[in-house]
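Before anything else, here's the structure in question.
Order of writing sets the chain letters: A, B, C and D. Residues in each chain are counted from 1.
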C-alpha cells in the first residue's frame, strides 16, 4: 500500500488542523470528514471541495475504502469510536488524551496488538523541534544524569465545559516527560484548587503534580487556567548541564547552560561542600517545522509500513494512567498514589 | 527611653548588614558586637572604630548597659542566646528562622510575653517596598478574594553545610505569605529531592510545598538551589485582579493585571460557562528604601515604645511550624500534614 | 451605493491578504483579481472559487462593473496603474509606498481630487490597535508636549531585489510618525550602509534617519535588515509622560510611564537643575483587531460615503517625500536636506 | 620601584571609587586625597583613617613622595591639573573625558611622551569582562569583517550642570568602539535635541551620532537622558557572526548569533539574491571582576613598569576629538564633519 485513505471524525476545535495537514500530505488521501454539526461540515466543504462530509461518524468506521481514522472528538467518545474502528481493521490516530480511563486505554492497546493495526495518540509536542532537540541531547548524554524536570504551563485559559485543567493540559507535559526521560513513574502526588465555582464547584482550574521516577528523578508540573501571565516553560537539570525550554521565546526556545555543582574532595568536605560551576550558555538552532505536520506524516508512515509510532497506544496509556493517579491523589487531598 | 543601646551577636554573613544599619540609625546606639571569629571582629573594628568587640557573646546578654540584642548566628544557636537575652531583660531581634524547632519558638514567644520585652524576627522581605505595596492592595480589597499564591524562588544556589533548601529559603516566602494573606494554614504537603550527594545524601536542594489555608486559598512554593536560571517571582490571583511580583525586575517589581474570569448567567451556563476578562495592566511606583533599614528602624521603635512588631515572635513561630510540617511531609514521602 | 465592487491587482506577497479581507467584508464584493503569474491566480481560485481571475490587469481598470481597485504590485508600477484607474473613475487603494517618486504621488493626489475619487494608501500600522491607542493619548494631551519619537525596526530581514531597506521599511514608521505627531517635517538627514555587496553594491541594508519637525520635536528611525535580533519599538517622550510601543511584546504593546523631569525654581537652579520624576507605569488594553481588516473596512466606507481616509493620498505623498529626502541625504553622505 | 605612591584629586562622585580600589591594591599605597569640600574629605578620613586629606590639590602635584596622581575632578579642570602633575614627574590617571578640548588633550599626550610618564584615561568599560571578551572575538576573527556597531545608552538620566549628554555618556561608547574596532574614524555627523529648557536652553539631552570608519564600517550611537526605559546595548554585525552586548542582562551580557546572509551564485542572482542564514546562539561566560579594579591595577602596573596602557593618552585624545567633531556637527545642524 502506498496511499493511506484517511477519514477524520470531529471537525470542531482541533479536527480542522488534522484535516488541513492530511489534505496536503503526498502519500495520503483525505476521503471523508464526519461531525455532528452541519455548519462545521460546510466549512470543511468550502475549503476542501473534494472531501466527503457526513454527520454519521459510524458509517466511516466500517467503510472498506477507508484505511485509517483520525479521531478528534470529545475525550469521553474516544474509546467507543476507536474500538469500532480497530475492530473494522482501521489504523487509528486519536487526539490526546487517548481515552478518559486507564481501563479503556488498556483495551485499545490490546485490541490494536490483536488486529495488528497502528494505534497512535496525537501528543503533538513530542513532534516539535524543541522537544526532539532535547531528546537528542538526552541520547548523547550531554546533560548527564537527569535530576529533575520542572514544567510550568499556565495562562488565563479557556475554561471548557467537559474537563478540568489536568485533563486539558497535563497530557502535553506528561507526554513530553514520558518521551524525554527513560525512567518509569512510581509515585504521583497532586493538589488542585477550584476557586471558580461553576457546575458543582469541583472543577479544578489550578493543579500541582509531582511524579517521582524509579531512577530518583523528580518531575513537577504546574498547570493553571488562572494565571495573569502566560508561561510555558520546562527546566531540566542534569548532573552535567541544565536547560530551559521556553516555548514562547521564539529566538531561544531551548537554552543549555553549562552550569552545575561540584563536590569538593572528602577532606575539604567539612568546610565547603558544594561549589557552583558556571560556564557558557548556548541556544541551538531549532527545526521550525509545524509539529502537527510531522505528527501526521509519522502516522501515515507507521500505518503504511507497520513501524511503531513514537507516541503509540502505550505512551497514550501511560499518560492516562498518570492523569488518573493525579485525579486520585487530588481526591485524597494530596496523598501519595503509587503506580 | 529615647535611645536603644544595641549589641549584635554574629558578624558572619548577615550580621554586618545589621551592624551597618544599627550604626546609622538615630535613636539607637550600637554598643558592641560579638563573634567567635576574631577576623570578623577586626573587620568590624576597622569600619566602626567606636564599637566594642568581643568573642564572648554571653557577656553581652547580661550587661546592664545593653537594652537589646540582635542575633545573627547559625539557627541552632538562636534559642539559647535569645532565651538568655530575654531572661536578662533584653529586647531581642533574631535572624530568620526564629529557631530550628517549633517547641523552642513557642517558649521564646511565651518568655517574651512574660518579660514584656520585644521579640522580633528578621523576615526582611516583609519590610520591602513590593510586599508592603501588595499588602496595601489586599487591605483595600483591590484584588478581591485571594484564590492562590504561587511562589518560585530558584537559583544555582549557595549550598550551605548546616541546612537544606527549605530551612534556607522557605522562611522568606512563608513569611511573605503569612504577612499578605489573612488566613490560617491548615495543611501542608511537600516533596523534595536531594540529587547532589553529600553528607548522608539526604540534604534537600529542591522542594515543592503546598500550604492550604482555612479560607480555601491554595499556596505553593517552589524552592531550588539547582536551577540554571534565577527566578524570584510570586503570582497572586484574586477574584478581581491578579498580580505578579518579580523581585528581579527593577522597573516593574509589582505588576497588577485587570484580568480574571466571569461566569455567565445560569441559563447560558450549559454552553459557555466561564469567560476571560482582560483589561489594563499597571505597575505602581515602589518604595525603594532598603528593607533592612526599615526593619531595623521598626525594631528600635518597637523596643522603645512597646509597640508590637509586624514580624513578632508569633509570626516567626508560624514560619517555623510550617517548615517543621514541611519537613515532616517530606519525610513521609509527600503525605498531607495537618496543622 | 451600498456595495463596493472591488478588484485586486497583484496576488503576490501582500495581495492575498487584501483579497482575504475584502472577501469577507459585508458591504463589498470582491469581483476580480489580476496577476501576471497564473500560479498565483490558481491559488486564489482554489480558495475563493467565485472570484474572476485574469492576467490582464489593464482590463480591470476600465470595466464599468468595478468601482474600486486595490493595487498590490511592485512600487514602480503603482503610478501607472493608479492613474489609469482614477481616470476611469475608480476608487483606488495602493499598497505602501504610494509611488516611488514625489512627482508621481503629487499627480495622483491631484487626479483624485479632480475625479472626486477616494485615493488611499495602505499604511497598515496606522490602523493597528497600539497606534490608535497612542493617537488617543496624544489627542487627550496625556503625554504633554511631544519631545521626541525614536523608532527601531531591525531584523535579519528579507533582502528583496527591487528595493533597499529605506523604501522597504521606512513607510511603516514614517506613516506612524505622520499620523501621531501634529507637526510638519522640516529637515531630514540620513546615513546608510551597504555592507552586503550585490547588484552594484549600493543597496542600503542599514539606515539611520533623523527628521526634525517644525515644532522642535526630533524623530529618529533605525532601520536594518542585518540585525541578529528583531526589534520593533518606538519610544515617545513627552513633557508629561513617556511611552514605549513594543510591537513584539504581545502582553504589553504600549506601556506608559509617568516619568519625566522637573526643573527646580530659579534660585535653586545653580545647584540642582533638573530632577527626575518617576511614578506608576501602565499598559492599557489594546484592541487586537487585525489592522488590515480595519484598513479595508475604512477604504470601503470612504469609497462608499466620500469620507476622507485617514491615510489619504496626501499622507502617502508625505511619506514618499520624506523617503526621497532621505535618499538624497544618503547620496550626499549625510547632509541635511530641507523639505 | 615596586610600590606606587598614589594621590587622588577629587572625592566627589567618582573619586571614592578610585580611592576604594587603590586602597586595596597590593603594589600601591594611597598616600593622600584632595578635594575642595571638607565634608567629602571627612568621609574619606572615616573610611580610610591612614590616608592624608587636603583641600589644596596643588600641593599634592609637587610632593616628591607621590609617584602618581589620579584626577577625578570636573572635566574643565583636567588639563591644568594633569599638566602640572606631568611637569612634576608624576604618572597621571584621568577620569573620562581626558580633557574638554582636543588641543589640551594633544598637549598632554606630548607632555607625557616628553616626560616619559604614564598618561592614562579611565575609560572603565574597556576593562570590563564583556568588552574584553568581544575584543578577543575580534582578534580571533570569529565575527569576520565588522560591518556595523550600533550602540544605545539611554535612561532617565541625571542631568548635570556642567555638561550635556554627549560629553557625559559618549566617552563610554566611543572608547569601547575605539578599543574594539581596528579602523580610523573619518567622518562624524550628529543631531541632538534640547527639549528640557534650563541654562540657556541649549544643553543637549538627546543625541544621535554616526561615525564612519576608514574601512567602511558604520557606527552609530544613541544617547539620551530622557528615556523612560534604561537600555545599554551594543549590536555588532560581522560578515560571519553577529552579537548583542546587553550590559543590563546579567546572565547573558554577550550573546553571539551564528546568523548572517549568504549571496547566491551569479546565475541565480536575478531571482533570489541574498539569503538569511541562522544557526546556533551562545553566550560565553563573562569575567565578572569589577572593571574599575582591573583598570586601577593596570594603571599601577603601567606606571611601575613603563608598559603602555590600553587606554593611553592617545585613546583619550581620540575620544575627545570625536566628541568635538560631534559637537561641531550638531552646531551645524547635522552636517558631516571630516576628521
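Everything below uses one rule, namely that contacts are C-beta pairs under 8 Å (C-beta built on N, C-alpha and C of every residue); 3 or more make two chains touch, one makes a residue touch a chain.
The structure presented is a predicted model; accordingly, all values stated were derived computationally and were not measured.
Taking each chain's centre as the mean of its CA atoms, C is the chain most distant from chain B.
Note on interfaces B-D and A-D: more C-beta pairs are in contact across A-D.
In the contact between chain C and chain D, the residue numbers used by both copies make up over half of all numbers at that interface.
Mean C-alpha position of chain A lies 53 Å from that of chain D. Look at where the CA atoms of chain C average out and do the same for chain D: the two points lie 39 Å apart.
Each chain gets one centre point, the mean of its Cα atoms, and the points for chain B and chain D are 42 Å apart. Shared interface positions of chain C, i.e. residues touching 2 or more other chains, are given as 229, 251, 278.
Only residues 251-252, 258, 278-285 of chain B touch chain C when the two sit together in their complex.
For chain A in complex with chain B, the residues that touch the partner chain are 145, 147-148, 150, 154, 156-159, 161, 187, 189, 191-193, 195-199, 206, 208, 210, 212, 216, 218, 220, 222, 224, 226-229, 235, 237, 239, 242-244, 257, 259-261, 263, 269-276, 278, 333-336. Remark: chain D residues 47, 49, 229-230, 251 touch chain B in the complex.
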